[in-house]
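What follows is a set of notes on a single structure, which appears directly below.
Labels A, B, C, D, E and F are assigned to the chains in the order they are written; within every chain, residues are numbered from 1.
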Amino acid sequence: MLIHLSSWPEIDAYLKSGQVLAKTVIVPIGSNEQHGPTGLLGTDWLCPEIIAHAAEKADETILVAPTFNIGMAQHHLAFPGTITLRPSTFMGAIADWVSSLARHGFERIYFLNGHGGNVATIEAAFAEIYAEWSFTPEPWAERPPFVMKLRNWWDLPGVQKLCEDIFPVGHGSHATPSEIAVTYAAYPDRVKTATYEPKIAPTGPIRDANDYRARFPDGRIGSDPAQATPEKGQQIIDFAVPALIADVNAFANEVLPVA
Amino acid sequence: MLIHLSSWPEIDAYLKSGQVLAKTVIVPIGSNEQHGPTGLLGTDWLCPEIIAHAAEKADETILVAPTFNIGMAQHHLAFPGTITLRPSTFMGAIADWVSSLARHGFERIYFLNGHGGNVATIEAAFAEIYAEWSFTPEPWAERPPFVMKLRNWWDLPGVQKLCEDIFPVGHGSHATPSEIAVTYAAYPDRVKTATYEPKIAPTGPIRDANDYRARFPDGRIGSDPAQATPEKGQQIIDFAVPALIADVNAFANEVLPVA
Amino acid sequence: MLIHLSSWPEIDAYLKSGQVLAKTVIVPIGSNEQHGPTGLLGTDWLCPEIIAHAAEKADETILVAPTFNIGMAQHHLAFPGTITLRPSTFMGAIADWVSSLARHGFERIYFLNGHGGNVATIEAAFAEIYAEWSFTPEPWAERPPFVMKLRNWWDLPGVQKLCEDIFPVGHGSHATPSEIAVTYAAYPDRVKTATYEPKIAPTGPIRDANDYRARFPDGRIGSDPAQATPEKGQQIIDFAVPALIADVNAFANEVLPVA
Amino acid sequence: MLIHLSSWPEIDAYLKSGQVLAKTVIVPIGSNEQHGPTGLLGTDWLCPEIIAHAAEKADETILVAPTFNIGMAQHHLAFPGTITLRPSTFMGAIADWVSSLARHGFERIYFLNGHGGNVATIEAAFAEIYAEWSFTPEPWAERPPFVMKLRNWWDLPGVQKLCEDIFPVGHGSHATPSEIAVTYAAYPDRVKTATYEPKIAPTGPIRDANDYRARFPDGRIGSDPAQATPEKGQQIIDFAVPALIADVNAFANEVLPVA
Amino acid sequence: MLIHLSSWPEIDAYLKSGQVLAKTVIVPIGSNEQHGPTGLLGTDWLCPEIIAHAAEKADETILVAPTFNIGMAQHHLAFPGTITLRPSTFMGAIADWVSSLARHGFERIYFLNGHGGNVATIEAAFAEIYAEWSFTPEPWAERPPFVMKLRNWWDLPGVQKLCEDIFPVGHGSHATPSEIAVTYAAYPDRVKTATYEPKIAPTGPIRDANDYRARFPDGRIGSDPAQATPEKGQQIIDFAVPALIADVNAFANEVLPVA
Amino acid sequence: MLIHLSSWPEIDAYLKSGQVLAKTVIVPIGSNEQHGPTGLLGTDWLCPEIIAHAAEKADETILVAPTFNIGMAQHHLAFPGTITLRPSTFMGAIADWVSSLARHGFERIYFLNGHGGNVATIEAAFAEIYAEWSFTPEPWAERPPFVMKLRNWWDLPGVQKLCEDIFPVGHGSHATPSEIAVTYAAYPDRVKTATYEPKIAPTGPIRDANDYRARFPDGRIGSDPAQATPEKGQQIIDFAVPALIADVNAFANEVLPVA
């Protein structure tokens, strides 16, 4: 089920259904930021959305929230079209999403992430949320009524290896051919071409936006994204979907320790 | 152009193109919240997205940002599927979106809003953003390099009247047949039916979530949404699109006073 | 009763008295900002204070808090004497006032507002306050122990019509002859005169402070405030006082729905 | 001049007048909190307002802002009628007042304080405001364009001694006969009487509200406020007014060091 | 016991031991800031650490937390090596320390402070922490499960007098010979010498960093720190240690009022 | 040089000396949290302090700030003695430290970290700091005048391998024998022994404090810390010191790209 295309009684009924995934919700989360000369600005939120929606098509008991489409991309701000939240804003927004979902009785909140630059802030957000509970003085029998999990889509079992098998050279770490291929599979009329050099982009540290643009003039890091095709993207999606379904089920079934 | 399906060089070229709308961007903004027994939870962010994307199809020089899909819906939290930001978080996020867009040189930022409950907070956010500039001591020649505008899609010239003409009875103010019809036009396979009573929902003040649910048990306020059909929704969209294009052009061409 | 001229045992006794208004408190709230060439900088907080204090004189069971005299006036900052809170600060302060009053057992908190520019932020503040309660997970029987209401003094039943009857031309929307007249009635030795032109000020959008001053060089919007006299102000006050008393009683007696 | 009873052109003209006090403004600041069985809840903001307004009457070149009437009184919250800001909110509001006044060109901002419990937070607020400037990296020639001063009215030269001379026994530190006398002088129809014991209230540490009420059941600390009379209050006011005028002039004339 | 050199089972056992000081913890708190031409930058956090650790050596039942070494020193920022927190950050950090310690069951939290410039912010922080409890509406039987105390080391009974006896001339208020002597006693290999003039530094108000440096070019206020020696420092430490032990025991044994 | 044992003229002179490391400063940063049955609560801030101070002894041109001793340890709060900052507080404090150091002209700020749980929040803090600069609109020639680097001490080249060579079994990830050994080398009189089982602790996810304690009852994760000895700790320190010196020099000499 896609929450945004459901009615509240449908969600209510599912929450009360007793099904395996009834208390678990997937939040696709990413970023809107430059992805080199040929990548879509939405790549990092489109990828988890594409994979999560495909999983929902394959298994309707998967529940998917709207996509959290703006993340932490301050280092990409020297490239037009990038939109970012400050880390502190991002953390506040994640907390509000989680509070909203927990309000309804969701107990397992699974963030399927599409942007490496989000990871630190999402983890800090989780810690901020848990801290409210952790500060509760003894007797401390009470636990938060939910747990959260962060999973990058490329860290679903086997996916990263598949990507590197498909793109053994020039995969890189930003504007990678694999992420761009995933979006091309979903939006084949948006395939773009460009000449760029060097063929494989440089690598280096990530700091502020101007430093980034000086180091990586066309936005790529270590990648050669011209290798991306819709077909290769579909191959990745097809592999990632069952991996996601399995991972979500494992999370839903994880037994929590008794305090 | 849709930002998220464009590359950064495409946005860059457009920004430098000198075209009428080159420095203007539309941000569809809404909310994910219950919309009665038959409405989609995403109604309030889908409506501005649907209309803005249709406008972009009609006129490719319209530039549309990703949709800001979670707004201020605290009063709907007693209905599953609702997701909200606190007003303070919402304001911080709007500020970051605006700072990002202004960073690239956008000078006119147009929020096409789909949720009445967002209006107060968006206006407060605008004031918070402007205040930074307004506090600057004399000599105060400097102005913010951008202006912001909030427009509810139903306040586009003629739209509200059209909606009331189509639904002269039971239009109401939440889960209205017009907004639901717009989403049905875009997602005809998601048309839902339900029995509800009374036929026209009650009205009353809006406060916290439990108060809301006690007053409006199925979520509707003053509306009879069963009148919504995809055809009527398409009629509204077709009317709103040129109204939006005209409104955005007027905003882009507005002459600012010289200090 | 005026809280600030009472002792705590007097407030305590009243709270426990069982009288109709014993759990209801009025907070006059406004702004300190330019009001054109002839208006007092305090106009927007003086008006609700004047009306609320007159109501308290007419009916001693009306309880009035100190006046919240600084609101959201960032757009007036290019005119000396204006003092503003940022919206975020304003929201925090409103929350603290409400928490303080709720601490004592007040269950109905009525803000009598004197500044249109405050409305969005006050509503956002209410939503921020309610959100804390709305996020409380199920079982969600608990409600906030208080409700809040915002009423602009000119929106008291019949008042706006009276003002327009008295000033059929050049009433406008900022530095209006009606609000200035109300302050002249209370401070007749502060009546000011000035030459200004055009006789009726222009109108336009409200943005940052420099934009405002460029559009509205003497501060007025759409108004011809020279029409204000103490006598006309007294006429408005005399009409508004019973309207306020009735409105407050209705609020105090409003039956809340059972969750 | 009282800002709130002036028009903006009047303030503007004064700011440009070149007079000794033209860039100096007094902000009466206090608290609305219980003041024992006979004191007014408004005592702590009324006292500086009364003295500052009397000074303005005596010397019209004194410029007085509206009264900042709600301060830091969390420890009094167990007594009805008390209204407080959290320290963090208080600091934010002070910063906004100062930014507003500095925007207009005021260079010396003088807070005349009426509440001992405000002192720490006001000083912290000053440090927060100065810190923005202090963090500015080298070359660090720039200074803030304003300085701030905090003065408790009882610390005006000679005032505390006068109060202790008038009330040699039972002056105490909260709900003192001197502060109550000042308000009685201004509001003689609000003189209150009560029986209380012990005649002189106990003393002790100040912590949270419930601790406070348990230690000081009627709200007084170390005081015997029944000694307050309007006449004694007037005597204090008459002494404080020239002391304030002299202090403000000294502040306005203070030569700042050159960096 | 020093918390940072203990294991958690050792702290756990002590907390449950029933000993007099088992629920009391000392937090040495100070600042890292310039201390004139001969003083160590760490003086203000070293002094309370030195005295608290010496007390712990003398009486192992004294429990000492790690040292809170960065405080509020914005006014010293024009001198290299100074590190400060903004007051708002400082307050947030104090709240988190207190929440952490209260989580474990500590009921008396004693801050031994080494920096006069910290006092206002620490007191504001205490008020911010207590306010959360003070806002709790009636029935208000509940109290915070801890109390906090701030003690400057020089305000331990007899210490200030001793310092002035040892340094009757040129003690001053910043970079005093007494505080520098205390650090010299603990770090005798760090004794520094410098020529400076005037022999006794000037005094004046404390504002922003540039103002401070212009007034006090070598950082001292009113002091002649060349008088400091390790021997005099040891004399102060030897006097302060039993005073601290007595003060902490008194705090631990203080009977709280019953609400 | 250790900042806290230096005077400000010493730091000033060094900053202006033109030496290789003159604009570079090391901040040891860690956490105060449980480290299993035998580890010191201070382990995670003691380790980077020990290594940085040893490096400073080996090379006096290394400049070391005071230790940032409280980090992000919310998950350890169910063990007495743990003190944590919320991530948001931690980020604010890091920003203030950096602003302070940048104020003096430090251009390279190197955080030597001792706690894995700090990494996400420190990275989020860096992004928050850089974001202020990254949002600056075009023309965007300006860069922040400093860069920041995070290095965990075990990630210094070769260190992690050495630790695993010394402790091939039961190294684990919390309360590891290597980190405990480092503290034992510096505080040999604080070596602790305890019986625990299982010999090698379990592993699992990290969430809130109660979940943590339920999963890891004595606090260890995957480790067998009884293997720690002062000698092994010294071996690690001796290896880490030159690695740190080399790493800091490389950072100080890194050439930044020109925008």
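Convention: a residue touches a chain if its C-beta (ideal position, glycine included) is under 8 Å from a C-beta of that chain, and two chains touch if they have at least 3 such contacts.
Predicted model only: the values in this text are computed from it and were never measured.
Peer 1: Mind listing the chains that sit against chain A and also against chain F?
Peer 2: Neighbours common to chain A and chain F are B, E.
Peer 1: Could you report, rounded to a multiple of 5°, the rotation needed to superpose chain D's C-alpha atoms on chain E?
Peer 2: So the angle, rounded to a multiple of 5, is 180 degrees.
Peer 1: Determine whether chain A and chain B, two copies of the same sequence, contact each other through the same residue numbers or different ones, counting it as same when over half of the numbers at the interface appear on both sides.
Peer 2: same
Peer 1: Among the chains, which is located farthest from chain A on the basis of C-alpha centroids?
Peer 2: The chain farthest from chain A, judged by C-alpha centres, is D.
Peer 1: Going by C-alpha centroids, which chain is farthest from chain C? Tell me that one.
Peer 2: So the farthest one, by centre of C-alpha atoms, is F.
Peer 1: Centroid of chain A to centroid of chain D, CA atoms only: how many Å?
Peer 2: Centre separation, chain A to chain D: 54 Å.
Peer 1: State, to the nearest whole Å, the distance from the C-alpha centre of chain C to the C-alpha centre of chain E.
Peer 2: 46
Peer 1: Chain C to chain D: how many Å between their CA centres?
Peer 2: 25
Peer 1: Provide the list of chain A residues touching at least two other chains, using ranges where the numbers run on.
Peer 2: Residues 77, 84, 86, 88, 100, 103-105, 134-135, 140 of chain A each touch two or more of the other chains.
Peer 1: For this structure, enumerate the chain pairs that meet the touch criterion.
Peer 2: Those chain pairs satisfying the definition are A-B, A-C, A-E, A-F, B-C, B-D, B-F, C-D, C-E, D-E, D-F, E-F.
Peer 1: Once bound in the complex, which stretches of chain D touch chain C?
Peer 2: Touch list, chain D to chain C: 3-12, 15, 32, 34-42, 45-46, 65-70, 77, 79-86, 88-89, 92-93, 95-97, 100-101, 103-105, 187, 190, 192, 194, 219.
Peer 1: Mind pulling up the chain C residues that touch chain E in the complex?
Peer 2: So the residues of chain C touching chain E come out as 99-100, 102-105, 145.
Peer 1: If you look only at chain F, which of its residues touch chain A in the complex?
Peer 2: Residues of chain F touching chain A: 72, 74-75, 77-78, 84, 86-88, 91, 117, 119-121, 123-128, 130-131, 133-135, 140-144, 147-148, 207-211, 213-215, 256-259.
Peer 1: Please output the residues of chain C touching chain A within their complex, sorted ascending.
Peer 2: Listed in rising order, the residues are 134-138, 140.
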